[in-house]
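Shared between the two complexes below is subunit A, which pairs with subunit B and subunit C, respectively.
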Partner chain A sequence: MSEPGTSVERPLLSPFNIIAGTIILVGLWLSYLRFTGGLGAVTNLDNNNAWGFWIGFDLLCGVALAAGGYTTAAAVEVFGMKKFHAALRPALLTGFLGYSMVVVALLYDVGRPWRLPYPFVLSPGPTSVLFEVGACVMLYLIVLFLEFSPMALEWLGERKLRRVLVRMTLLLTIFGITLSTLHQSSLGALFLIVPSKLHPLWYSSYLPVFFFVSSVAAGLSMVIFEGTLARRGFADKMDEEHKRTADAVVLGFGKAAAFVLAAYFAIKVFGVALDDNWRLLATNYGLWFLLEMLGFVLLPCFLFLVGVRDLNPTLIRWAAFLTVLGIVLNRLSICLIAFNWQLPQADRYFPHWMEIGISVFVVTVGVTAYRFIVTRMPVFYEHPDFSEGH
Partner chain B sequence: MTAAGAAMAVPKVAGAYGEFSGHPDAYGVLHDITLCIGCRLCEKACVEVNDDLPMPEKPFDDESVLEKRRRTDDKTYTVVNRYDVESHQNSPVFRKFQCNHCMEPACMSSCFVDAYSKTPEGAVVYDASVCVGCRYCIVACPFDVPTYEYNDPLEPKVMKCTLCHPRLLEGKLPGCVEACPQESLLFGRREDLIAVARERIRKHPDRYIDHIYGEHEMGGTNWLYISGAPFEELGFRTDLGTAPAPKLTSGALSAVPIIVGVWPALLGGIYVMTRTKEKTTTREKDSAVREAIETTQAAADEARKKAAEKGKADKEKAVELAVKKALEKTAKESAEEGS
Partner chain C sequence: MSEGFHSLQEFMSYTKGMLYLLSVGYLVAFVFFWRYLHDRENEDD
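And then the complex of A and B:
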């Protein structure tokens, strides 16, 4: 037996492959434009708006939405919630691919990408929050690679190396959670230096805490959301244990997400209260802020609770989707929408379609890699030769 | 007190930020906005002394340039803008814009390759040879000064005014200051410039607003401004506060070592606790099972023993009975024989 269940035929010219192939071809052309013409050739970045869609979406959203890896690893390996074990490998895989996509996107965004190692090998600038972000993301990418490796090694049948890596699981998990705590919060801390540019409703000295707590909600929701998508596409790759515990994962993670969102809502209210920004809620930016807080924090929190009470996985899946949207909304607000809010409309930034095109290209490459891996490696099922019987 | 003693006396608190009042002999420039006539000779001089800057398309005496509000870009280190200020009788007002050379610069604090430095002469200079091009400095600068060469695919650089640092080292004035025909730009030690500015404001309270912009803004800058028109109407941000930029992030950065130190211990502790709990549960379950088995076993043994004893007794009784019967039979037979 090599794989559980009956394997679905996946033809080369499937609709997915045709669409993904087209996007990748366009992406390669855009990449050519970017690296031969400079940032100005494909972006709307300018001297007032030095950070655009690639930082707002690819970096800030990418890192937050890849938080499923460390949250699930914490639940299973540290808190001993073995019943969620089947969710761990998919979460680690998407975490690893997510961070890889972030780094690829950064290669497009920085002016001289071949110098990315400079802060760590040539000329460190540790007074910069970005130094901390860079160091943690780099180290965590290595950790995620090592956490992902057993899946590849089981596929390749490498027993010895796999055993060494599996023995390091706890160490890697704890290191990964520590690094994630640091850089998830530091992404918020990046904006501490710009109280004069970020709208006061989003600016707060608690930004690092906001980013960290919301990343936990993002991670939990992404595990539910990705699980929902995977169930549609790769049910044939899932073993009995994965299918049997899927709803338990949704209920358990949904309950946890409800608590985290409630806490997040509370500290966001404290943020408004402590800076006494109540009057700003009645402005246009205030309405946008309220939409984010009520529609994409409080509402999913409530839906999670109802879903858990009624044992309704479908409702929880919708709540998770709403939470994911809310995280995207929050990160884009801080980086783009509420940033430079005092500039006249003519000087504001709106992404060029080619910036979005390259982001779509990077995500497509990630999804393609995901498909390649889950159809070959033991992600949704336990490899019969390496069964440990938890 | 010796220098060492003085250094020892400074309390060292993690995350706390020592006061820095600037390099003692740092230079600066005082821009007296009331004297500026908008001739843009400073802009011209800037392009002339900085070899990497190209001449603009429109000549410097083309007044139509002043119609639009401009900012610095990768081809201009400094611009003069015209402001039509209603509340000010000497309208229009001209104001020069360039890097303010902060005493504790946001660009320098935010740079993750340490490409910026604050020289003892007062200039904030940038080293393109290590720059990765993350552009965090441009995001961080509260004065919107640094610019980027977005259209250079191979060697894009951040571009900004250097206070003519190379010229200062040669004992020359910054290009713009040297070119100013109105003495609207005054070069000198920053401390002296503050004294000059105060004196002018004191002598002409009707002419100046009682504020030296740059004395305290963002921890103080080496460019200083005095004006007759309200600063906020001349494109100055007057809501920046007096805290230097590094102070805004030092608290968050000081949390890093704490998390690095505490998190592994905390998580390890949680792991050990869960494991212990798991083990205890398993052990308790095992011992409960064992106890149950033992109890059942003992009860069964007891029952078996009882049954065996009973059986033994029954057997003995049966034997006794049989013997008795046999004896009786024998006695009877012998009695019959005997009769």
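And then the complex of A and C:
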């Protein structure tokens, strides 16, 4: 194993660099088209479909899947589950990069992105849910940056500032959990104003609760999923403690995810029962809804359950992967597939390839940044000069 | 509201009743869920 904390010489023309470089070059070209030609040049958005793939995938999925930061921080810092400590830094890094990419994607989606700060400085709209979402995401991104900073400061050897930030850890964690609870649920609340546009199987007055509970499952699963990928790609950057506790993290988070998914399944069924939507299950949309609920909620819940009971981390990792897919499916269903479901087919929205291309570009930038950080900063290992402060 | 209902009272009685039955079902199922998750740990003890 190479010594953690030192940069390993990696070939410049590696397969990852070639693919990522190509995607970034194409993405830059698409960005040029977007910012010179406007939304119409690269998207299929129109007056019926003002929110498209960038909101459905980049924002809704991005925020949900970045929930690993607050769930892990809550487990370790607030509930004192120190055995999961090794998972905290990777989770915070993923959260920070996830939210950063959400904001980057928002710059593409908002028609006049330079006006993003307007609600806070020029024309506040505090009665709007969107204002609350914007405020929470902005504040939480700052919190995540401060939580991430000790890793960068250890890399830079900056002791004083790092000490100040480490002392603020509990305060930042509590603030982060509060902000996450608020905006994860508010993203669901955004859809409360469209009861006639969103299919009844997905629409519910409990949408904020659904979004919040599913974000917890997404966060737990994402920590497991990301840990699995990191183990394959960056094993040389992990210290012994990280490797030793990896399976304990998977089992612990898998157990929590089983409970959360069981609760999520229950409240989703309650949602169908409360609006008496049983008969809609026998329609095409109903089959899609059943696929989402049985294949990507109940099945992973069962796999988590069996995996934890049989102490089988591989099964739990598969369950986490299914859950991540399920969250993506759910957010895309709400924002795109089951949205405007009554419109004639000709008026329905399907993303332009350039919209998907820009999303791939944004994700690739995030992955590249992740790779840059974990190969240089103490994310998977304790910095030998700062190990007392973790 | 479904066609079979003639008043909000009927609709609420039906859906709430269904919800209470489901809730009881879930509470019972949760006991089995918990036992399935933990019985191997108990065996090990």
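As a convention for this text, the second predicted complex is superposed on the first by the 379 of 390 C-alpha atoms of A that agree within 3 Å, B and C clash if a C-alpha of one lies under 4 Å from a C-alpha of the other, contacts with A are read in each partner's own complex, and residues count from 1 in each chain.
Just so we're on the same page, a contact is a pair of C-beta atoms (placed from the backbone, for glycine too) under 8 Å apart; a residue touches a chain by one contact, two chains touch by 3 or more.
Not measured: the values here are computed from a predicted model.
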First, second, both or neither for A:N284, with subunit B first and subunit C second: neither
Touching partner for A:L182 - first (subunit B), second (subunit C), both, neither: first
First (subunit B), second (subunit C), both or neither touched by A:D276: second
Subunit B versus subunit C as contact partner of A:F131, first or second or both or neither: first
Subunit B versus subunit C as contact partner of A:L305, first or second or both or neither: second
Which superposed partner A:Q345 touches (first subunit B, second subunit C, both, neither): neither
Subunit B versus subunit C as contact partner of A:A258, first or second or both or neither: second
Residues on subunit B engaged by subunit A in the complex (per definition of touch): 71-74, 106, 108-115, 130-136, 138-140, 142, 144, 146-153, 155-156, 237, 239-241, 245-246, 248-249, 251-253, 255-256, 259-260, 263-264, 267-268, 270-271, 274-275, 277-278
Subunit C-touching residues of subunit A, taken from the complex the two chains share: 255, 258, 262, 266, 269-270, 273-276, 279, 305, 308-310
In the complex, subunit C residues that touch subunit A: 1-2, 11, 14-15, 18-19, 22-23, 26, 30, 33, 36-37, 40
Subunit B-touching residues of subunit A, taken from the complex the two chains share: 34-41, 43, 45-48, 50-51, 74, 77-80, 109-113, 115-116, 118-119, 122-125, 127-132, 134, 170, 173-175, 177-178, 181-182, 185-186, 189-190, 192-197, 205, 208
